[in-house]
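Here the structure comes first, spelled out in structure tokens, and everything after it is commentary.
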Amino acid sequence: MDVAVDDQAVSEIFRVLDLTGVLANAVLGGVIARRERLDPIGFVVLATLTGLGGGLIRDTLLQAGPPVALTDPTYLLTALAGAAIAYVVRVEGRAWDGTWPVVDAVALGCWASVGAQRTLDVGLGWLPAILLGTITATGGGLVRDVVLRRVPGILGGGTLYATSAIAAAGTQVTATAVGYPVAGSLVALAVGAGLVLLARRRGWMLPD
Amino acid sequence: MDVAVDDQAVSEIFRVLDLTGVLANAVLGGVIARRERLDPIGFVVLATLTGLGGGLIRDTLLQAGPPVALTDPTYLLTALAGAAIAYVVRVEGRAWDGTWPVVDAVALGCWASVGAQRTLDVGLGWLPAILLGTITATGGGLVRDVVLRRVPGILGGGTLYATSAIAAAGTQVTATAVGYPVAGSLVALAVGAGLVLLARRRGWMLPD
Amino acid sequence: MDVAVDDQAVSEIFRVLDLTGVLANAVLGGVIARRERLDPIGFVVLATLTGLGGGLIRDTLLQAGPPVALTDPTYLLTALAGAAIAYVVRVEGRAWDGTWPVVDAVALGCWASVGAQRTLDVGLGWLPAILLGTITATGGGLVRDVVLRRVPGILGGGTLYATSAIAAAGTQVTATAVGYPVAGSLVALAVGAGLVLLARRRGWMLPD
């Protein structure tokens, strides 16, 4: 038991971080839609795919009921809000360039942790938990890139993005195995987010 | 209650329209396969994706049992018939050019309405119902375009295709909310099909 | 009843062939990753998609619980082993060129047979069984090609690959219909693998 941690508070924190990640990634989808000169539907498609795609793939593979993104309306509304923001505001410049990487890193750690835990909760093992944690964190970007006919960033050339998700999901799995799922999720989040930021700052990449 | 409308008759009409849409879209998939000089397997793949893809994605996300396209053999047989027609007959010329837009518009309205209602029947809310209605109507073409490495038409540049699906699904959701799901489905169909045809005729598009 | 065949032994044989197919296809995914100069994550992504993609799509569509690739850890471990082999060893030269086509052909027959039978076991009909048998055998390669932005091989130009899967799945369905599912799976495997090898050797292709 996680006696040292307030479970309810951590769960609340993760929900906020999760939705912040959806919003930020939906805005990113919209920013890409603007760059590609798409119409409003294009904004919605890219924002939804980027913000919710990873979770949708995870929940579809888990087969434990309809995806959270469909049962909890907050997710879809948040993704649509992201699309609207990117459509109305020209999201660029220093504020975005300074904020986005941090929000993105936190979202990655949060999603990897949540995805791994949800897989364990359904009764699957540690290996699928790491896989689905990683898919939760990176799947949306992958699908968006495929739809846009780009080489998906996850295939290489980036700075430890998937690797950080694997590390975060692995931390979550380990923490749950030793009996501290809730406290562990905070550590997993920190590991994932920290590694993404460090790798980006220092240009760390995997060797070919 | 829909006292003014014969539920059974409407349900029968929708099944016919639904399958007509599958056939027409499967033929379209086959026409594209011919243009790309694919072999018979290519015809079947593109016909199946175009005719059944949207419903398959919807049912996979809903997680309420295997997709209708797999449990009701009529769907697969219809899609295969479409592939066969496009393979044997050179589907082109005035008859096709005159018929296709109308059949396509009716299919869009029908699929959006059916997809939205099915989502509501599973117990999900109005927002996922509109999303899945739209995916039912446009998902097959999206997947086909991605497999063919084209920029999916839904991302922009078309004439209110996804917008019409959203309008039809929204009409269905509204009609069900006020207690007229069956009569409403006829209105939703008319809204979706009418908007597609109007937009195509007048060249209406969304602004960038 | 299959009185003439030892069910347990056949089931054991199929498991070994199935996993051999996963390994060989995962190695192929890794070989492609090396050719594209991807980093280790790229190896894992392509190996997993190629080795497990078809089964994942099948199980997701069947909606009869989480995919086997997630519930049985042997599958994921085998796919990762394939990625690791392709990363460490330069898999090329005569040994690979001689072995790969045979292993690939056996995997195709095995996957088509297993996929068709699993669909029947869930209670679906012969047509979806043939479709999902074919998807099991060819879906991984299709998804991998789409992610890599290649024209999927299944769309045409190849030598009876999907056709052989259809033949194997059809054999399995027929054998089950006449009451010999287990003995039939050996025939289905032989039909699928034999046809792939024959077609490759003789350059058989479908007409446009």
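A few notes on this one:
Which chain is which? They are A, B and C, in the order written, and residues in each are numbered from 1.
The working rule: a residue touches a chain if its C-beta (ideal position, glycine included) is under 8 Å from a C-beta of that chain, and two chains touch if they have at least 3 such contacts.
It should be emphasised that the depicted structure is a prediction, and the values quoted were computed from it without experimental measurement.
Counting the residue numbers used at the interface between chain A and chain B, under half appear in both copies, so the two copies meet with largely different residues.
For the copy pair chain A and chain C, the superposing rotation over Cα atoms measures out at 120 degrees to the nearest 5.
One simple way to say how far apart two chains are is to compare their mean CA positions; for chain A and chain B this gives 31 Å.
Multi-chain contact residues of chain C, defined as those touching 2 or more other chains: 60, 63, 146, 149.
Listing the residues of chain A that touch chain B in their complex gives 33, 36-42, 45-46, 48, 56, 60, 63, 65-67, 70-71, 73, 76-77, 146-149. Remark: chain A residues 60-64, 122, 124-125, 127-128, 131-132, 142, 146, 149, 151-152, 154-157, 162-163, 205-208 touch chain C in the complex.
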